[in-house]
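So that you can tell them apart, the chains are marked A, B and C in the order they are listed, and the count of residues begins at 1 in each.
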Amino acid sequence: MSTMPNVLVRSEFEAADIGKAETGDVARKLTLFERISDMNSVRKLSILVLVIAAWELYTRFSGVSELILPKFSATAEALYLAVVSEQLLAMVWNSMTVLVTGYAIGLAIATLLTTAATMTRFGNDILSTLTAMLNPLPAIALLPLALLWFGLGADAIIFTLLHSVIWPVALNAHVGFMSVSETQRMVGQNYGLRGLVYVAKLLIPAAFPQILMGLKIGWAYAWRTLIAAELVFGGSISDTSEGASGGLGWFIFANQMDLQIAHVFAGLFTVILVGVFVENVIFNAIENRTVRRWGMQAR
Amino acid sequence: MAKRNGSAAGIKPAADTTQPILNVDGVTLQYKTKEHLITATYRVGFDVYPADRFVLLGPSGCGKSTLLKGIAGYMKPVEGAIRLKGREISEPGPDRVMVFQEFDQLLPWKTVKQNIIFALHNGGKTDTAAEAEEIAMEYITKVKLTGFEDTFPHMLSGGMKQRVAIARGMAMEPDVLLMDEPFAALDALTRLQMQKELLQLWEDTHFTVLFVTHSIEEALIVGSRILVMSPHPGQVKAELNAHHLNHDNVGDKKFAKVQQHIHDMLFADRILEEDVQPGARG
Amino acid sequence: MSTRSANRKSSIPELVIRPEYEISDIAQAKTGDVARKLSLVERIWNINGVRKVVILLGLVSAWQAYTVGLDVEPLMLPSFLVSLTTLFNALFYGDLIYKVWFSVKVLLIGYSAGLALAAILILWATANRFGSDFIAMATAMFNPLPAIALLPLAMLWFGLGTPSLVFVLIHSVLWAVALSTHSGFENVSHTLRMIGRNYGLKGIFYVLKILFPAALPSILAGMKIGWAFAWRTLIGAELVFGASSGSGGLGWYIFESSQNIDTDGVFAGLFMVILFGIVVENVVFRNIEIRTVNRWGMQR
């Protein structure tokens, strides 16, 4: 306490002319190299090239068996052959047709469920009970039942796809609707929005970040379910359908059975390509046009 | 209670020539929480006349925001009636536009201009897109946001967002503009600026506005007439004139006197409240 | 529009000044109930659990009534009670409990190995930009690849058995967790980062004490997705190849039952899958959330 310092009172001052100070480099352009290595795509591409080179060199010089790990060049060749002469594209098309059918019907059912849940408390309770029970149930586990009920064929796969899409989509959309801010709801009502118009013009855009997340999870589950279902039952299913070509999962499984490992890798590449296309091109484009532009991204 | 409404009708000479635009008559409002049924206002009555800058002033828990929601039509009174131009209010509608405190009242998926057009279009104020566009631009200019019409709300500052909300409300030309503590979330300097701008806008067209605040100073600056409310449950304490007070009076004696008077009224109440109903909160 | 403004200009109303008034005896007002408790019935019906149980009972009795009333072929759709009895018998007199344990064991090994690998990758990514780029690249490529598609390769490399299952499980967990943790770290606010530096945190302590808790909501979301993928992958893998791995798990039990046209066995297996899924999602993860992100107010 004895050494507590006192306030030192100094004279005041005001600066009369601020302005023409020599500021040196206020903003300087980065060098060309700095700018190129700052471009994400450039860095990612070089990593990809590096990994591929390492793979090729390893398989070429370590003498690892083609049956364990084929060369990258062999894989690329297999992919080319599969596309040109083994109807790989047709198989992708088969898979996508089934997937899109299941996804679309699933969305429609999820929309109905969510609408009911948003309108009434009873619907709300039904939806939350059903999702709590059925969301943790892997869709693929229903495939044996589906085969029993619908027989071997696309119908059984579509049934399991429905299950994999409906619950995550309905759950997320419903959570999204519930968490639309009270203020925004009141604004909508204030301007005279009612009923379906209110849902379409206010609730859906306001809940869109959540809805989109549900759509993405639903897609991810459906994609995994489809590949698994084709791996398991693709053979038997393709035998009964007239095209007799099966889907992408079947392509992988059949080639593994024939020990065509380069072709298995080619199939996996195709799966990755389709997945990257849907997630990084389609969903990213939707995000850029909507939630990112609106500054509404969840986290 | 009858006395209060009676007095409103009886001793207002001006009421002979002009009819009140909004009539709140013995309104009791209740809402449910998970466990309780809360009475927010108890038999509140007042009249709002055209061109009024009518302020609902009171401490938190006096039900002033709930009352505003009642007038907006989001809640139904359990007792009494709210009439706009003589017609009883039953649901929300674009004849009473609300401006909220929260910044998220703007629709984030629409630009500044689209937010206003959205209101005009859905409120049935315009038939053609060109007309809506023209009105939107007019009000964007009025609230000094020219150049920001194509910006999305998340890129605006808090003050600018509130300006858009006010522009959106005014563009609707409602019978009465309802403002629920619109400046409470702004910093002091911006708030001052916004109060001034609101008064300037009022000078243009003398629109009717019902303004909720818990700041005595803001009430005196913004309001032409102030309804002082007491809490738990909200009841009318007094109705005072403030049309002769604005920013220029803030320092002077007249202003300080009214401010102190209201402060005493509310302060006296708070002691009573603690004596009578410990722990009761709205 | 022009008529609008013209009308407005011509009819600007003037302020109506009226006398003030004050009410002095306000405290005496009879306020009725300011706050009244809701009735017992209202409050019980407001409990979510009660309503959900009622709905569940309703659904189950509808199923029972449908199968019994319409005399549905039990091979196509067994009644609820029959399925329940089968579950009960399989649990207490059969070997279902061992099959569940087998699945859970594989799942736990794969899940924790996946988490550990994800942690290592992430630490590498926070340490340098090359690591960060590599993670971004690898997750973008491997996340969309369903783990089960790797099963044929895994069986080639590791043979039939648990190692193959663990391999695909790791794949299903690793990328989902790495992706969300990585983006969680990147979204930690600048303020929090500066606070950490301010207090002199560096390296691993900076990651553990600032980045990890701040990104926990996103990490947990990734762990939940990772769990969901792993659970789906495991059941799928067991359905396909469980038999060959000797002692099968839960997925194998379902497949076996369906091959034997023992439909009530299929339903018993599905019940078990649902039960286990509910326990993990609503008990394990829910509790972690309640203790962390909910308590910290980082998530509603």
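Definition applied: a residue touches a chain if its C-beta (ideal position, glycine included) is under 8 Å from a C-beta of that chain, and two chains touch if they have at least 3 such contacts.
If you're wondering where the values come from, they're calculated on a predicted model, not measured in any experiment.
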Quiz item: Out of A-C and B-C, which chain pair has the most contact pairs?
Solution: A-C
Quiz item: Counting only C-alpha atoms to place each centre, which chain is farthest from chain C?
Solution: B
Quiz item: How many Å are there between the centre of chain B and the centre of chain C, using C-alpha atoms for each centre?
Solution: 43
Exercise. For chain A and chain C, let me know how many angstrom lie between their CA-based centres, rounded off.
Key: 16
Self-check item: Overlap residues in chain C, where contacts from two or more other chains coincide
Solution: none
Quiz item: Hey, which residues of chain C end up touching chain A in the complex?
Solution: 48, 51-52, 55-56, 59, 75-76, 129-130, 133-134, 136-137, 140-153, 155-157, 184, 187, 217-218, 225, 228-229, 231-233, 235-236, 239-240, 251, 254-255, 257-258, 261, 263, 266, 269-270, 273-274, 276-278, 280-282, 300
Quiz item: Which bits of chain A are touching chain B when the two form their complex?
Solution: 181, 183-184, 186-187, 189-193, 197, 201-202, 205-206, 208, 290, 293-296
Quiz item: Within the complex, which stretch of chain A touches chain C?
Solution: 40, 43-44, 47-48, 67-68, 125-126, 128-129, 132-145, 147-149, 179, 217, 220-221, 223-225, 227-228, 231-232, 249, 252-253, 256, 261, 264, 267-268, 271-272, 274-276, 278-280, 299
Exercise. Would you tell me which residues of chain B are touching chain A in their complex?
Key: 69, 72-74, 91-94, 96-98, 100, 102, 104-105, 107-109, 118-119, 122-124, 152-155, 172
Self-check item: chain C-touching residues of chain B, taken from the complex the two chains share
Solution: 1, 4, 7, 11-15, 18, 28, 32, 34-39, 42-43, 49-52, 131, 134-135, 173, 205-206, 208, 224-225, 230, 232-233, 235-241, 243, 265, 269, 272, 276-277, 280
